[in-house]
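First chain A sits with chain B, and in the next complex the same chain sits with chain C.
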Partner chain A sequence: MRATDSAGLGRGRALAFVAPALVLIGIFLVFPALWSIYIGLTDYALTGPSSVNPRLVGTGNITGALSDPLFGNSLWLTLLFVFGSALIGQNVLGFTLAWSLRGARRGLRRLVEGLVLLAWILPSTVVAYLWVAVLDRDGGTLNALLNTPGTAWLVQYPMASLIVFNLWRGTAFSMLLYSSALNVVPPSQLETARMVGAGRFSTLKDVVFPHIRGHVLTNTLLISLWTANDFTPFLLTSGGPDHRSETLPVFIYQQALGSGALGYASAISLLLLLVNLVIALVYLRLLRRRG
Partner chain B sequence: MTTTLVLRRIGYSAFFAVILAFFAIPMLWLASAPFDSRPGLGLRWPDWTLDNVAATFDHPYALTSLVNSLVLCGLAMVVTTVLAACAAYALSRVRIPGRDVLLYVLLLLSSVVTGTAAMVPIFVMMYQLGLINSQYGTALVIAGGMLPAAIFILKDFVDAVPRSYEESARVFGASPRQILLHVVLPIARPGIATIVVWSFVQAWGNFLLPFLLLRDITSQPAAVLMRTLYDEGGSANLTVIPVFSLLYSIPVVVLYLFVSRRYGFRFHGGIKS
Partner chain C sequence: MRLRPMLSLLVVVPLLAAGCVGKPAEQNTGQNADAKEFTLVIGANALAGGKNANTAKWTAEYVIPKFVEAQKAKGVNATVRFEGNGADDKDYKTKVALDAKTGGGADVLEIDGIWLGEFAQAGQAKPLADLVGQDKVDAWDGWSKIPEAVAALGDFDGRRYGVPVGTDGRVLYFNKKLFAQAGLPADWQPRSWEDVLQAGRKLTAVAGIVPIQLNAGTAMTEATTMQGVLPLLAGTGKPVYDNGKWQGATQNVKDVLGLYQKVYSGGLGDPLLQQEAKGRDKSFAQFADNKIGILLESDYFWRSVINPANGVARMTDRDTAVGWAKVPAQRAGSGVGGQDFVSMSGGSVRVVNPNTKYPRQAWELLQFMNSFDATRARVADTPQITVRSDVNDEVLKGDPMLTYVAKEVLPITRYRPGLAQYTQVSAALQQATADVVAGKSPDDAAAAYQQAVVKAVGEAGVAGN
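Entry: the complex of A and B
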């Protein structure tokens, strides 16, 4: 983008325009990110002697994490959550919806899109409660529908419940992205595929997919990043029962404010920051190549 | 019709029936329970009443928390919009040294430093500054988190505004201040409206930061009170929770409808808007 100073602002005033935003970003984003490196090297705690005089423990928190079964557990659950609800779940359902809604009647299309979008925009505390109600053991709608009285879904199948919940919550983004991506596929090519009698699978693989490959990658990266950082599982299960749904964000919270181990929690957050950084770098690289 | 065609139609309808049920069932409760005289967790046709609304208005914290939400989100929204508008304009029009690097870093920051990843240092920082339970402090933290993305969305809008308007105003001797207020601001209005709504809705739904930083129930916004209400459990709350969730959700839905009707539902680098 060519930058021409068309309003005659001048460099000095331009800097003054940018500075306040940068100060706020510096204080509330850059500084905390860097500071978490330092906190992660100490045994800083919420209460007790280390809350006044934190000691440097170096890589102690990292080695501690490696031998902490709860950390391994939460890492595995996070992978399961991202893989099940985003990578596979939202990706496949979002694409299927976008693909099958193309030929649907206008009324049906608006209804489905409206509902899927509503699930996405409602505040997280509200949707969490809606699902707590649906999955409730005694009065929940799911047990009434499936005729499985007395099943406490969030207690017996916490991780599966969270995955289904997040599929419901986040599919809208993939659906919207794939809807606009499918407009890129030339109708003439789909027509040709139909004329030569290509099956549905081979049409998708050989005609559609090459056009939307970039979108698939973009979508996968973004929804994985958001899902890995999602704090909503806390609202449904608080990580329980017995740590069985404690994904990394919930683990960090429980360590920091539940157990008061701020140093340890900070070292773990650093890992999340690094993963985010890697995903974002790959994403920006893709954007640059395409743009 | 051949059998395969019939089967395909049946499969198609069944697919959409399942999808509609999956997405609608959890939400139907939000329409029925608030007006049911004996609201439960399950779905049923309500025995219509408005008593729950009255009970919610009588709740000591329900309305206060909605007011708290308004204050918190209004503040975060104003700070985000004003600062992002100034920064986006300058970054779009003036070649500040290091501009491209700065833009790249901002784009990275918008997705890397999430509330979840930074919750520990942010909590420690606000704790040491004595800003726990400060609504202004929390609003600033929320605004800081939204700024990089807001700058990007607005810069897109400003980039699309033709420079010829500003240039001709300048030819006629307008000062930079006049150009900004009377030429640029009116043209950039759709962009600014988008940021106003987007930042408000983001802040309105934010649970983690107010939950961490506002520990006192009198200063908590609706997002946190909602959690407190159902964490405590008990049947007394079942009269309050449904109406309260409805009241808390309505602004978000209305604002989205407004923006999508007025400006169309758009994508901005993967941000809900």
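Entry: the complex of A and C
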């Protein structure tokens, strides 16, 4: 490595400066990651004989997961969750809100933004409690509003409920990001588009989108990853009924702490990490192609 | 060139780690035996004003002050705290296991007897003799007051791990008011499954109620197994674990699942409730609200749930409105041991945490909690079947329901096999009922169950048809 030592520290001192950060990263990030990879290679359990004498099972957990219908089920549900609530839901709703609020009166804009933000900043437990109350079968608010007594939303439509919930919960981020992104679109170009009689769709496609392409990709990447790793569904349905809303993070929790299969759960965490990496790589490629 | 140190780190760290997973701890029975000052923590899934409020109240108001006082008389300065929990049993189990794993946890713990096998195999519970010495264990005079069959709840693999808290029995509760409306007798006693279904069909005449609540599904966890599958299986003549083998997709299992189908596809039960996350709590509330006709539950339901004084779903007219009957076998005489009626029993066990710094003092506290006076104080307000026959003789007199369980149900009851594999088999049974409630046929559900059990315990441990 050649010296481009602009700070004039010298290698030794530079190392000394980054050492504390590296140590922290090592202890809290690298070590636990390696540790969980190792546990994923064993049949380590919370209780029972293999909690004292775990056996190395190699890739047995991974192959076990790939042939486990419950794993396939939760992978599918995770994709559904990400696609429905983040990729399409939050993206479109966030953009629509940001776009239609551009020209709105200041007071109205603040009010809508405030309400959307509120859904985002409330603690998960509080929000989950409110939603359980709203969706409850007996005396839930939604049933009273829609006049559909006896509908157990979280039991009969668990995944749809979760997708709507996450849409409500996470749209604020997309809305904020798109609000500021739309500021980079030069008003003169929008004006020109209007002058030449471009329709709303072609204005969005040919004038607005090229400017905010990077923002769209960044936003989609972030909300996809957050949604894929979101644990809040657990607070609403605990993965039930009958595994019908068991996304991967919930599945991992149920395996690790519900069934005590720590080794198996660690191996699946690794698979989730790989899924995340794949998602991230796809976006990064798309992002790079822009330049 | 940067890669090589990184790679070697990747290899070395897991190797080092490999030595650390699942280390067994050393034990010293005489550790701190003569301490003049000690601190102990009592843990249970009980909380003042919430779950098992009685236990919490008794611990805080009787056990702790009296024990501290008794120690003071010996010149020892004791501090005892109560660590309450109010969680689902499964979550409580996870918590206790994690505590034990990380070297912590309360010194004297109350756990469900059926977890004992797993905890013991993991070293999270240890035989009393290993913790405090065989002589100290044998020296307790309380053993002579506990019937051997009941004390065995605290045993695993022939060794004694703790002192059971009490035991229970399963019956069919029914709402006499709803029965009267449906033209059913107040002294109802079904003699076969068909009798129960018949009563359920009559109850459909009463609007707005659920005729039969038979716990099913995975959300109810062990309540599905203990208040559903196992008593029914016992009624088919074969317990879940028989002759060294677990039942797979046998005719017995199919019959039980068939009954579930009759209840939940026949409009006699509420299939949605079985899938709700808080379904069991809801069933309690509904029964107390006169919305359920027949419910299979243990005596816990009588004393802690619908108890008008301190239950979680109080029923002010419990004593007049609620009837009970023995759980019938499939047909007269078809139950285990040729019995006409069946029951299953379980119970909690108090153990000494192997991580305790004061094993002798913890054992002393455990003996104190199971002394005649302490046991009587625990059940004085709310009678309960304790492990001590001398206390039972005195306190059960006033409660017809508990007397009935002690006299009529306990003699015909069965216990779950104390094996670590049980939890997995139980989970598979819960799944099978969930499948049937969701609409699968009993045969399909039994086939899937067979697969799950084979996966859990191996082909050799399962009896097929």
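Rule of thumb we're sticking to: the second predicted complex is superposed on the first by the 250 of 291 C-alpha atoms of A that agree within 3 Å, B and C clash if a C-alpha of one lies under 4 Å from a C-alpha of the other, contacts with A are read in each partner's own complex, and residues count from 1 in each chain.
Everything that follows uses one rule, which is that a residue touches a chain if its C-beta (ideal position, glycine included) is under 8 Å from a C-beta of that chain, and two chains touch if they have at least 3 such contacts.
Here the structure is a predicted model, which means the values were calculated and not measured.
Peer 1: For A:35 in the superposed arrangement: first (chain B), second (chain C), both or neither?
Peer 2: The answer is both, since A:35 touches chain B and chain C.
Peer 1: Kindly classify A:237 by the partners it touches after superposition: chain B alone (first), chain C alone (second), both, or neither?
Peer 2: second
Peer 1: State whether A:66 touches chain B only (first), chain C only (second), both chains, or neither.
Peer 2: Neither partner.
Peer 1: Regarding the shared-chain residue A:146, is it in contact with chain B (first), chain C (second), both, or neither?
Peer 2: neither
Peer 1: For A:184, using the defined touch cut-off, is the partner it touches chain B, chain C, both, or neither? Pick first, second, both or neither.
Peer 2: neither
Peer 1: Contacts for A:44 in the overlay, against chain B (first) and chain C (second): which applies, first, second, both or neither?
Peer 2: Both chain B and chain C are touched by A:44.
Peer 1: Looking at chain A, does chain C or chain B touch more of its residues?
Peer 2: Touching more residues of chain A than the other partner does is B.
Peer 1: Return first, second, both or neither, reflecting whether A:88 touches chain B, chain C, both chains, or no partner chain.
Peer 2: neither
Peer 1: I'd like to know which partner A:259 touches here: chain B for first, chain C for second, both or neither.
Peer 2: Once the two structures are laid over each other on A, A:259 reaches chain C alone.
Peer 1: Once chain A of both complexes is superposed, is A:18 in touch with chain B (first), chain C (second), both, or neither?
Peer 2: A:18: touches chain B, not chain C.
Peer 1: What part of chain A is shared between its chain B contacts and its chain C contacts?
Peer 2: After superposing on chain A, chain A residues 30-31, 35, 39, 44, 138, 257 contact both chain B and chain C.
Peer 1: Spell out the part of chain A that touches chain B in their complex, as residue ranges.
Peer 2: 1, 3-11, 13-15, 17-18, 20-22, 24-25, 27-33, 35-36, 39, 44, 97, 100, 104, 108, 111-112, 115-127, 129-134, 136, 138-141, 144-145, 168, 173, 176-177, 180, 218, 222, 225, 229-231, 235, 249, 252-253, 256-257, 262, 265-266, 269, 272-273, 276-277, 279-281, 283-284
Peer 1: Given the complex with chain A, which residues does chain C contribute to the contact?
Peer 2: Those residues of chain C that touch chain A are 9-10, 13-14, 17-18, 21-22, 24, 90, 94, 97-98, 101, 115, 117-119, 121-124, 217-219, 272, 275-277, 282, 420, 427, 434-435, 438.
Peer 1: Spell out the part of chain A that touches chain C in their complex, as residue ranges.
Peer 2: It is residues 30-31, 34-35, 37-39, 42, 44-54, 137-138, 152, 154-156, 237-238, 240-242, 257-260 of chain A that touch chain C.
Peer 1: In the complex, go through chain B and note every residue touching chain A.
Peer 2: Residue positions touching the partner: 12, 15-16, 19-20, 22-27, 29-30, 40-43, 79, 83-84, 86-87, 89-96, 99, 104, 106-109, 111-125, 140-141, 143-145, 147-148, 151, 159, 163, 166-167, 169-170, 176, 179-180, 183-184, 201, 204-205, 207-208, 212, 222-224, 226-227, 230, 241, 245, 248-249, 252-253, 256, 265, 267, 270, 272.
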